[in-house]
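By letter and in written order, the chains are A, B and C; residue numbering begins at 1 in each of them.
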């Protein structure tokens, strides 16, 4: 899944001393025929990102000498079925901060970093620590119709996946397999506002990856006047060679509100030039009255035509209970009813 | 008119085996002083795309071996007079699906393809087959004040030029001059909507190009609850050496609505480093009551400073009859009155 | 501050004859922790462009032979704290022409040029001549909390910094240190509109730079039905070696409206790998009744980690008089009260 295919040599003034400096143009164009059926309405689409998220990006690193480097990463989401871009958030507070209007934005990541023996300090818009366990330990990588239900039903709020205005820190890579990160993000409200802390948050993630094993734990606390959101999740994977098995557990707690809990178990099975993907995931919300729950099974196959290009197919089924109404691929299903969907697509990275 | 001027070598993991792989950054910046006069109001502008459509794009091809390749093409329209981008459509249904808000979008083309001996399968947003004869067989290439009236007055609807959510197929290039394409595009409405088929369409184009001759026929059928739109057009060009003559006929039929018909005759005359362009075009709409008709004459000259850069001037005049009120370059003219306009600009491609 | 670090070789058809042709990808990612305090509310942000304006751009030049060249420059502003882009204006008339919606636009510059012994003709969106003296002769380069008050309080209107639909001319570079430019920009209104001239303007700038000295004078006249705006400013810098001192005076006059006047004095002091920046600036508005005035002091330090990467810190203080209520870094202060702010950030260019 390496995407740094195009390395442009940097003609830096200081020449040989900056041997490691480079700027890279990269991207993914993933197009999917997606069908979803529900008890109310079905939908047929040519959409995007069924396997990997479509994107266009620019990134680079500059060697500063003495083990230090500076780097940047600008990555825009891409709806390549119609050419539009994706919105981003200016304030981590849902609808009030949404901007972009369908034009290209670097919504996926927009950061500048200083790197050294101390690790990495990263400033800007980035994934939140609480997101990683959901995607790294999902055989479908939270893309397409197979996406884990722990994400699709999540109560984690506007910063479930990414946050803007973030100051991040990453441990260095030489800790014998231990890794970790901390992130503080800001909602940037005025100090005299009633909701002055809305969109502020602190999140942590720590893990251990060595040989066949990878496990990690994450925690986040995001402030909202309507109820702070605390998320905790833990995940792991073990590579048996003939298969890579993975699982995660996730819990989101809205203060004075609902609480959601769920888990996934699944795996990846290499088959020649391809890979079978399968997962069972479930998420249940504890609210006053009913406790809506959605169970999902997903099965897929990816056929690699090269390291950069793959064909794929995914099938998924959700069953809803106690008033849940989750549906697949844009279909609409009534509370308590099932929904089915499938993707068939091509992913090309550059 | 080659635009693949910048080929970035791809440092692919598999190295020598992928000899044909490349990623290209390309674009056109075309700025025009445009003046239009009409019987109600005149307009003076610095605008864009008077000769070629301004754009910024990224495209690439990956050799998959065995005669197969994967490719992508992302191309954004550019209003370089003010720096804004162009909107695109998510649903092929006019205003309801317009998005972009003036930010950059890959509205001109946003596709991923699989290519082989069988031809090309292309997924995403692309030109529609019914557009090509109007632009290929227009001496002004449907750009600027000289644009054929068969496009400017067209009743072809939201997919006259491009469609989103499209699955396209192109015949391979080795058929002795015969070429052809088919395209199916989707409006992506819910299956229980009254207008569930709106924006769905099927279009075909077939032609023959060999030596001095190029002829083609296209047909499209796009569904709308308000009235399906069928378009048929045919065009041809013959290169006499001292001049290239071209003509096309176009017809658009809205079910239970109006019908439009028109044609163009014109040509291109090489003169040293430049080219004279001229065309007569006309389009008439059959509606209840009046049958508005607009006739247009256009004359232009392009002076090539290099293969990438040109200066150009175009003059056009339209005469309106039976209530037609077509005007040029942003001017406003009353029904039945004339309008004049001219462009003077520079085109630079990279 | 050179940013043309990545020069992509152009594989032009004409090969060796076009030795000077190139296309360059360039940008700046500048992230700032910014804090502002005022008498009403404070604000804490991770924002951008505290030292240099964040941007992503593409530019190129094509050698046309005979001393002529064509060039283009497309440069988008970047809010890298959240990934969004910046809006631009289609008509130089404030809110009515704002477009972009948070998506990327080439709002900073979007031009195509023809260059030769005669100088440069530049078409599109560009800085206005009246802006240059404010930024070139501001030690803080009109970026961040230290930005000169002559810009922050300016009555110069929508074209104070940039204009769309502009036709610009620049003198050639071989005039013994003399330089100059003229720009005409258009609001592009219909000729029968009451405000038909709104957003039209003419601006001039002339200067002399030689060795340690640089001085320039600029003038602009922009039409608005609500009152034409005339701006005049003059600035200069002298490099003493141990310090570079600079000053400017600026005056904006709205016909039948208010008049604003202000000045800056400041300087840059090299200190090892870094630079101390300091400035005093003031702007006073003459209106009916009160004459609001704001005075500002700013002090900063930039530490260069390389030619491309720097850390910086800036502190600023404004004092408001006669009803002025200027505040810093998004804070809110009451009329007549003070405001303080500081930036601490990293700038990385590529």
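Operating definition for what follows: a residue touches a chain if its C-beta (ideal position, glycine included) is under 8 Å from a C-beta of that chain, and two chains touch if they have at least 3 such contacts.
Everything numeric here is computed off the predicted structure, so don't read it as measured data.
Student: Answer with same or different: of all residue numbers used at the interface between chain B and chain C, are over half used by both copies?
Tutor: Different, since most residue numbers here occur in only one copy.
Student: What angle, rounded to the nearest 5°, describes the rotation that places the Cα atoms of chain A on chain B?
Tutor: 120
Student: Using mean C-alpha positions as chain centres, tell me how far chain B is from chain C in Å, no decimals.
Tutor: The answer is 37 Å.
Student: If I count partner chains per residue in chain B, which residues reach a count of at least 2?
Tutor: Expected reply: 8, 25, 85, 100-105.
Student: Could you please specify the touching residues of chain B with respect to chain A in the complex?
Tutor: My answer: residues 8-14, 18, 23, 25, 58, 60, 62, 64-65, 68, 70-72, 74, 76, 85, 87-91, 97, 99-112, 114, 123-125, 164-167, 185-186, 188-193.
Student: Inside the complex, what are the residues of chain C that reach chain A?
Tutor: Chain C residues touching chain A: 2, 5-8, 25, 27, 29-31, 33, 40-47, 56, 78-85, 100-105, 305-309, 330-332, 345-346, 348, 350.
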